[in-house]
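First chain A sits with chain B, and in the next complex the same chain sits with chain C.
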Partner chain A sequence: MAYTIFAASSMVVYIALGTLLHLQFGRTGMVNFGVVGFVGIGMYGFGILVSRYELPVVVALVLATLITTLLAAILGWLILDLDGEAVLVATLAFATIVYYLTVTQKDLTGGVAGLGGIPYPIDVGLDSALALLVILIFVALLFLGYAHRLGRVPYGRLLASIKDNEPLARSLGKSTFREKLIFFSITSGMMGLVGALYASTNQFLVPRMLAAGLTFTVWIALTLGGRAKVLGAVVGVLISVALFDLVIEPFLPVPRWVGALMPDLQLMFYGLILVTVILFRPLGLLGGRQKAQRS
Partner chain B sequence: MESTPSTRPAPRASLVLTDVVKSFGGRTVADIPHLKLGRYGVEGLIGPNGAGKTTVTKLITGAHSLDRGTISYHGPSGVIDLSQLPSHRIARAGVVKSNQVIQDFETLTIRDSLLLAAARPRDERFWYLGRSRTSAELVNDIDGYLEYFRFENPDRHALSAGEKKLLDIIRCLLVKPKFLLLDEPTAGLPQWETDQVKELVRQLGAEGEISILIIEHDLELMWSVCDYVHFMADGKLLLQGTPDEVRSDPTVIEKYLGGGHVEG
Partner chain C sequence: MIDAIVIGLIESAPIILAAVGFTLIYYLSGFINIAYAETLTVGAYVAVVFNTMLGWSFYASLFPVALLSGLFSVLTYLLVFRPAINRGVGPVEMIVLGVGLSFLLRHAVRVGFGVESYQIDLAGTSYLSVLGTGITSSQIVSLALVAMVAVGLYLLIYRTNQGGRIRALASNEPLALVSGIDPRKVAVLVWFLAGIVGGLAGAFTASFSFVDYEVGWDMILILIMIAIIGGIGSVRGAIIAGLAVGLVTAVVTLQTGSPIYAQVALLALFILTLRLKKTLPLKKILRLNLSGRSILKWGS
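For the complex of A and B:
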């Protein structure tokens, strides 16, 4: 049961992050390859604030989110005027810096030995993990609801115009850099919030959690499901991570030698479905409008 | 609205280019000591390909930066130095340009594209998830344009080059410009749509609310809609005058219309 709750919590975290990435990339065209960096700031920020400084959980959650938002704003201000490839590299570099800081700043983070003693947001004894799962589901639904609503309001059209043709949007009086900066900061800040909650799910933090794998998993899930669709991340996570962690691993009787190879097989399988989907459904399983062909 | 004789209408928005120079890779594409635009409702800018016409409009709207010189905009809220402003601020100040090369938002439908252009910043906030508060007047405008240009189904995406071109012009108008720059607005349009654009330009010019500068190679159209014409060649302004003066000038005939030009 404990494992199922943990695995389900991870799924919901992936869905929440994938939905935020859908907002950043699928809606606005900002190529954030540093998802795990923002998650890491929220995670360790929260962990340090509650375990080292013994702040109340709610205060620590809010502070961790604000710190992540602020750092995203500074990073965004430096890079969001650059083209997509440069943003990709810069965000990836940011995440790498965050990773190494967690390793080297032992006084704060505990380094590779880890940081423990992180409580659940709501302490209801044995059901605390379940309560946290409910909170995570609520947060994910909030993001999904926001993404859904965005398709029908002026702000959604503004973001779409930035993704489609930024100079044209600017020529119509839209302050595109400012809007990108605000939206990037807030959505990245929300990745920090998810990271902070994920810190509670894990109870114990080690730098390895902040390896680039998390970013790639979220990107793969969103690409599989459909980057331009609200439910893209949900579908993507269900057919990639959930398939392994919630179905195959607990229920499929696999021989021990296969079990040992499972993590590698999983990555190979991800690669296979990713290639297949990109070949046959370039916009993901849920699809979406293909950009007009340029002749 | 009737204006009483005692209230004079506000003067048209105008643009004054002073000592403007722009070069790309050592080649001077625009060198204009002085140019005032907006004395008349509809002015034209003509000249052979590569004369620097589009460059001048791009300098005005901030799509290109100036090497030297100033561009001042005399609008409803006084005089503004455009060379110091980013392009979205220039558009908000009331100077808007349509595009020569087709530009479109690929994922927006025709109606969404127009609603985007009409939307004002207070509606475009990340926390605002309510109904669009675009003013009734602008919604009426959108419906009017959609009908005028006979868009059959505005809830799909623009498909043909003509539709995209018209959409570009309508978007510009929905920003409520005081000074509108039209860069080859009828290039590639079928005849009846060209006539629609021509009629619209003429009407806007006559209403006197906005000043229009139009670049076009279709000279018949230019002679018929423009009150005043500027002639450019090789980055320089060579001649200004009424359409009749310009079309009969020997320099214009030699450099642009060609010696064999036979027209009434």
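For the complex of A and C:
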């Protein structure tokens, strides 16, 4: 049961992050390859605030989110007016810096030995993990609802215009850089919030959790499902992460030697399915058959 | 300080080689090929197979390394990337595609070779002292070989007809096409060359430390950074930026005693460089970027 709750929590975390990435990339065209960096700041920010400084959980959650938002704003201010590839590499570099710093700043993060003693946000005894799962689902639904609503309001059309033709949007008097910066900071800050909650799910933080694999898993899920679709991340996570963690791993009887290779086979499978989807359905499974537009 | 320069030169040698190969593909095909990491890995593992399993000397095994990683690179182009280009996959999706291919291949290597790391057997290595810094004879040989390959590649691109075709196709495709250049042949040639230098870079990296399934992946971020700092598509720029990266890494590592701070400094420097390049006037960027394929071309 504990495993199922943990696996389901991870799943919901991936969906929440995928939906935020959908807002950043699918809706606004900002190529954030540093998802795990923002998650990591939220995660370790929260962990350090509650375990080292013993702040109340809610205060730490808010602070961790604010810190992430602020750092995202600084990074965004430096890079968001550059072209897509520069943003991609800079965010990837940023996430790598965060990862390295969690290793080196042992006084704060515990280094590779890890940072423990992170409480659940709501302490209801044995059901605390379940309560956290409910909170995570609520947060993910909030993001999904926002993404859905964004398709119907002028602000969503403004973001779409930035994605499709930024010079045109600028010529119409929209300050596109400012809009991108604000949107990027807030959505990245929300990644920090998800990271902070995920810190509670894990209870114990090690730098390895901040390896680039998390970013790529989220990207793979979103690309699979369809980056421009509200439910893209949900579908993508269900057919990639969930299929393995919730169905195959617990229920499919495999010989022991296959079991040992399972994590690698899983990542091979992700890679294969990603290549296939981009070649044959560039807009993802939900995205229809038309060719991707050159952006 | 001198030992920092010597170490920096040696450590950056394979990185420069790989950066040149990476830049070539970027130059001609116009996208960031993340799966290039696996070309390095293929080179390293071919060296391991021939050297430790079949008993060849490391230098003899460089020939199969070059051939097989060149073929591997061409195969990834023909089977995955060219179909994707033909289907009009956008630049960002090309990167995601490369990530997918990379995941597939990297973990296939891990399934095939296991989690353990391998060591290249460098028989007959002796230790020397150069300007007060201890290095091995094999490091000097590697350095010389890297320099030879880099110079050869440089001459090929800037001094021969084939190289002229490559540059023509990269800088003005329509004009190159009406001049009768066959884009498919040139592309296969470029991917083959890039594969050769990538594989050699992987093998040299392997000979300096050890080989595991992430040997290429660990280098890819730095390769992308070098390619972008050097001016996308400029082979000269890649060589200069690669040297600079190697020296910065070595100096910061010696000063702080930790290679991790060097990485952090490098990444921060990279973000600032991007910033700086953006604020320079357009003409200057084009001049820095000797090839003419400007990073500004990729604007939204």
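Here, the second predicted complex is superposed on the first by the 287 of 295 C-alpha atoms of A that agree within 3 Å, B and C clash if a C-alpha of one lies under 4 Å from a C-alpha of the other, contacts with A are read in each partner's own complex, and residues count from 1 in each chain.
Following the convention adopted for this analysis, a residue touches a chain if its C-beta (ideal position, glycine included) is under 8 Å from a C-beta of that chain, and two chains touch if they have at least 3 such contacts.
The structure presented is a predicted model; accordingly, all values stated were derived computationally and were not measured.
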item	value
Partner chain in contact with A:165 - chain B first, chain C second, else both or neither	both
Which superposed partner A:210 touches (first chain B, second chain C, both, neither)	neither
First (chain B), second (chain C), both or neither touched by A:146	first
First, second, both or neither for A:241, with chain B first and chain C second	neither
Partner chain in contact with A:157 - chain B first, chain C second, else both or neither	first
Which partner, chain B or chain C, touches more chain A residues	C
Common interface positions of chain A, toward chain B and toward chain C	163, 165, 167, 291-292
Of all residues in chain A, those that touch chain C in their complex	25, 29, 31, 75, 78-79, 81-86, 88-90, 92-94, 96-97, 100-101, 103-104, 163, 165-167, 216, 219-220, 223, 261, 264-265, 267-268, 270-275, 278-279, 282, 291-295
Complex interface listing, chain B residues touching chain A	61, 63, 86-89, 91-92, 96-97, 99, 103-108, 112, 115-117, 119, 121, 123-126, 128-132, 134, 157, 171-172, 175
Chain A partner contacts - residues on chain C that touch it in the complex	32, 80, 83-84, 87-93, 95-97, 99-108, 110-111, 221, 224-225, 228, 258, 260-261, 263-264, 267-268, 270-272, 274-275, 278, 295-296, 298-300
Chain A - residues contacting chain B, complex	146, 149-150, 153-155, 157-158, 160-161, 163-165, 167-176, 179, 182-183, 186, 228, 289, 291-292
